[in-house]
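Have a look at these structures, which come just after this line.
Below, chain A partners chain B and then partners chain C, in two separate complexes.
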Partner chain A sequence: MNPPILHTKALTKRYGHHTALTDVTLTLPTGSIVGLVGPNGAGKSTLLALTSGLIRPTSGTIEVLGSPPAADAAQLARVGFVAQDTPVYAALTVDEHLRMGRRLNPHWDARLAADRIRQIGLDPTKKAGRLSGGQKAQLALTIAAAKRPELLIFDEPVAALDPLARRAFLQNLMEFVADLDVSVILSSHLLSDVERVCDHLIVLAESRVQIAGDTETLIAGHHRLVGPRGDLPDLPAGVEVISADHTERQTTLIVRNTGPDTPRALRETPNLDLEDMVLTYLHRAGRITGETTTPVEATR
Partner chain B sequence: MIWLTLRQFRIQSLIGAAAIAATAIYLAVLGTTIRTVYDRNVTDCTSACDEGAARQLIADQFGLTLMLLGGFLIAVPALIGAFWGAPMITRELETGTHRLVWNQSVTRRRWLTIKLAVGGGASVITVGALSLMLTWAAHPYDTFVDDRFTPLTFAARNLAPLGYAALAFVVGLTVGLLTRRTLAAMAITLVALIAFQVLMANMVRPNMFEPETDTVTVAEAREAGRIDMLGFGPDGGTVQGYTVPGAWVLTDAAEVVDGEGNTISHEQLSACESDGTTMPDECLTSMGAQFTIEYQPGDRYWTFQWIELGLALALTAILIGVAFWKIPRGLN
Partner chain C sequence: MIDFHLDPKSGVAPYMQLVQQVQQALRLGMLKVGDQLPTVKHVVAKIAINPNTVLKAYRELERQGLVAPKPGRGTFITATLADDSLSAHQALRTELEHWIAKAEAAGLDHDAIQALITTTLRKTHQGKP
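Up next, the complex of A and B:
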């Protein structure tokens, strides 16, 4: 059994008085394509920076592929990380970036790198500083992928791209991720970026994990109950109310069933789609902390 | 990693090489000229040779130039610290590329080691080359005029500049790592290195060893032509700018006393001169006038040079330790 790609216990990161990440306990099974969604400032980049070992936790533990992040060169070789804004060396050419990758990574796949650069249509002699945002993202992705890691992490790789380039980038990403047989963690403030490609979802808001799990299980476990105001059935054990909405005439409950079987009371009720589910959790996170979170960003 | 660091350092190393080349040409010309003048007035002098006059001539002709060159050689490490050392890491942090390079299969410790080796090595080589060339060019002047302890000479010859070069680069790099901002790091580096030079020259170096003391009669000093100025005021006389060949005289102004160690007053001197025929110096000689100076003897020169190098390298090592302590903590 392979160790989980990410295993954290009560992971917390504080910057002075500001808490960027609170009490995150997660286990992500190997082979997953994980979507990490949440509004800006929710702590997504902090979680990914901790995973890549760029920063260290204030408290709690974190293991990536069974080892502490960035512990040594061998561990670094197992994880590919494409940081937000996909940084590249402006003064170096595309070719020089590949050369850097070859010299700094023991399992460098020169063929994959060359093929991708050709496929994207990048001029190898062009300075990276003169590439467009999308091309830079592609170059950074190529370097991370040709390293042949076991886990690839992308922090908002498409944030700087226009909607069309965004879709093409993600399409391309998923195609070659399938070829590489690699686990992936991908963050975005837009659910639409990740929902098509991910089989796992983590919703992060207000520095906490609101919900995490296999997307199909999550969808199957969430139900919408609608009834006359105040007249709702008693909920069976293992069913948790996530939100309750009351209008003058009726009450709408969003519930989560955490048991293994769907109780009879919920069998006839519709499941939520992923977007409604995420919105519900973001709303709840905003209510709990007493702040008004505008969940606009979670919509398409 | 070495390839990447060298590639990133390409522009800086080209500038450094150009500076060395330009300085080499200039110093070759200067060194040749100094040798020509020295040979004409000293080595090849056959008649009416006056070594004191020749020393004065050479000091007048080349003193200012060599002093300015000394200042330049002290400024170079500071510039290296500010323009090579400080941006070495801050530029990565400011452009975010540390997130690219730190995620290749190279630990941050190794990354830092290579940066220190390449940048520090280039700094020491650059300053070492300049120091070697200036030491060569100024050699006849330095041995003849024999004023090797003057701050702008001492810190610009032989070994001392090597230590400054290593220190300057590492100050820049470490301050950059701590401040994370290029401009702030450059400013702090410049101020720190200037403060270091001032402190070394004025506080540390003169007090490194117990100085020797020596009592000299005015007559002897006059004979040797080693008094810059002898003045009398209401409070008595002082000798200023007395030099001992090869040594570092720490006493700026020495009080003139008579053979018994009593202060010679202005009135005594005036009384002696009052007959109109006796010269002041003859009066002083007749009184047995003398003064006491403190100095560091010339044979301590190399000890001072090694200590200067050692101190700078010790500080360098401490700062490298700070950098290695800080780097795994990175952006926390």
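Up next, the complex of A and C:
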């Protein structure tokens, strides 16, 4: 059994008085494609930076692929990180980016990089500064993947892209995953994209993990119960109320079943879709801390 | 070869959407025994979904006895839904017609009958391991 791609215990990061990440305990199995969602300022970039070893935790422990992040050159080669806005060097050509990648990375796959650049139709002689947003993202993805890492990390890879470029990026990324057997963690505001490509989900808000797990299991465990006000059935053990909304006549409960089987009381109730489920947790996080949270943008 | 698509608003799990599209193609005769399903790489590159989703769909189709993987070559159709069960359809339909007549005699309307069938189907499936 391979070690988990990410294993943290009570992981916390503070900047002075500001706590960016609080008490995060997570285990993500190898081979996953993990979607990290949450409002701006929730701690997504902090968690990704800790995972890639760019910053160190204030307290708690973190292991990436079974080792401390960025412990040595070997560990650095196992993880590919693409920061927000998919940075490339504007003055260098596409080909110069690939040559630099070859010099800097011990396991550089030159053929893979060249093939992919040709397939996505990038002109190797063109300066990166003159590429479109979508092409820059594709170049950054190609360089990260040609490192042949075991884990690829993306901070908001598609946020700035138009729908066509976004889909092209995800197609390319999924093709890499199918080809290279690489695990992925990506943060995104776009829940429809997360639903499409991710098999694991982490919802971060107010610096804490609100919920995390296998996407299909999470969706299967969440139900919406609607009934006359005050007349809802007693909930069986293992069923937790996530939110309760009351109108004059009606009560709507969002519940989570944590047991292995769906209790009889929940069998006929519809499951929430991913978007509603995520929003429920974000609203709850906002209410608990008493601050108004900007909800994740559902579509753009 | 067939092409897959994904409807994000359908409420059906993505892997199950792929399964249903293959079943549908089999029922309609668009796929026949010996036909090859698109490779995982082809599907993910085309519709930008998780490769594990495609693998899960193909495993489910294999479990249903509809496809079989040939190592190094791909996944191939091994049964057709249309022909296999077609002969049984008539007898089942007659039984169902009797049952519907009984339900109507008991005062159930169209929607009530539909709801009963849907929930019973779901429960029957849930009861299975």
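The rule is simple: the second predicted complex is superposed on the first by the 295 of 300 C-alpha atoms of A that agree within 3 Å, B and C clash if a C-alpha of one lies under 4 Å from a C-alpha of the other, contacts with A are read in each partner's own complex, and residues count from 1 in each chain.
Just so we're on the same page, a residue touches a chain if its C-beta (ideal position, glycine included) is under 8 Å from a C-beta of that chain, and two chains touch if they have at least 3 such contacts.
On a predicted model such as this, the values are computed, not experimentally measured, just so you know.
In the superposition on chain A, contact of A:262 is made with chain C only, not with chain B.
In the superposed model, B is the one of chain B and chain C that contacts more residues of chain A. By the document's definition of touching, neither partner reaches A:163: not chain B, not chain C. In the superposed model, A:31 makes contact with chain C only, not with chain B. Of the two partner chains placed by the overlay, only chain B lies in contact with A:73; chain C stays clear of it.
When the shared chain is aligned, chain B comes close enough to touch A:55, but chain C does not. In the superposition on chain A, A:195 makes contact with chain C only, while chain B stays out of contact range. Within the complex formed with chain A, the chain C residues making contact are 6, 8, 11, 13-14, 40-41, 44-53, 119, 122-123, 126. Chain A meets chain C in the complex at residues 31, 33, 167, 170-175, 177-179, 192, 195-199, 216, 219, 262, 267-268, 270-271, 273.
Here chain B touches chain A in the complex through residues 1, 3-4, 7-8, 95-97, 99-108, 110, 328-332, going by the rule given at the top. The touching residues of chain A, when paired with chain B in their complex, are 49, 52, 54-56, 70, 72-74, 76-77, 79-81, 83, 85, 87-92, 96, 99-101, 103-107, 140, 143-144, 147.
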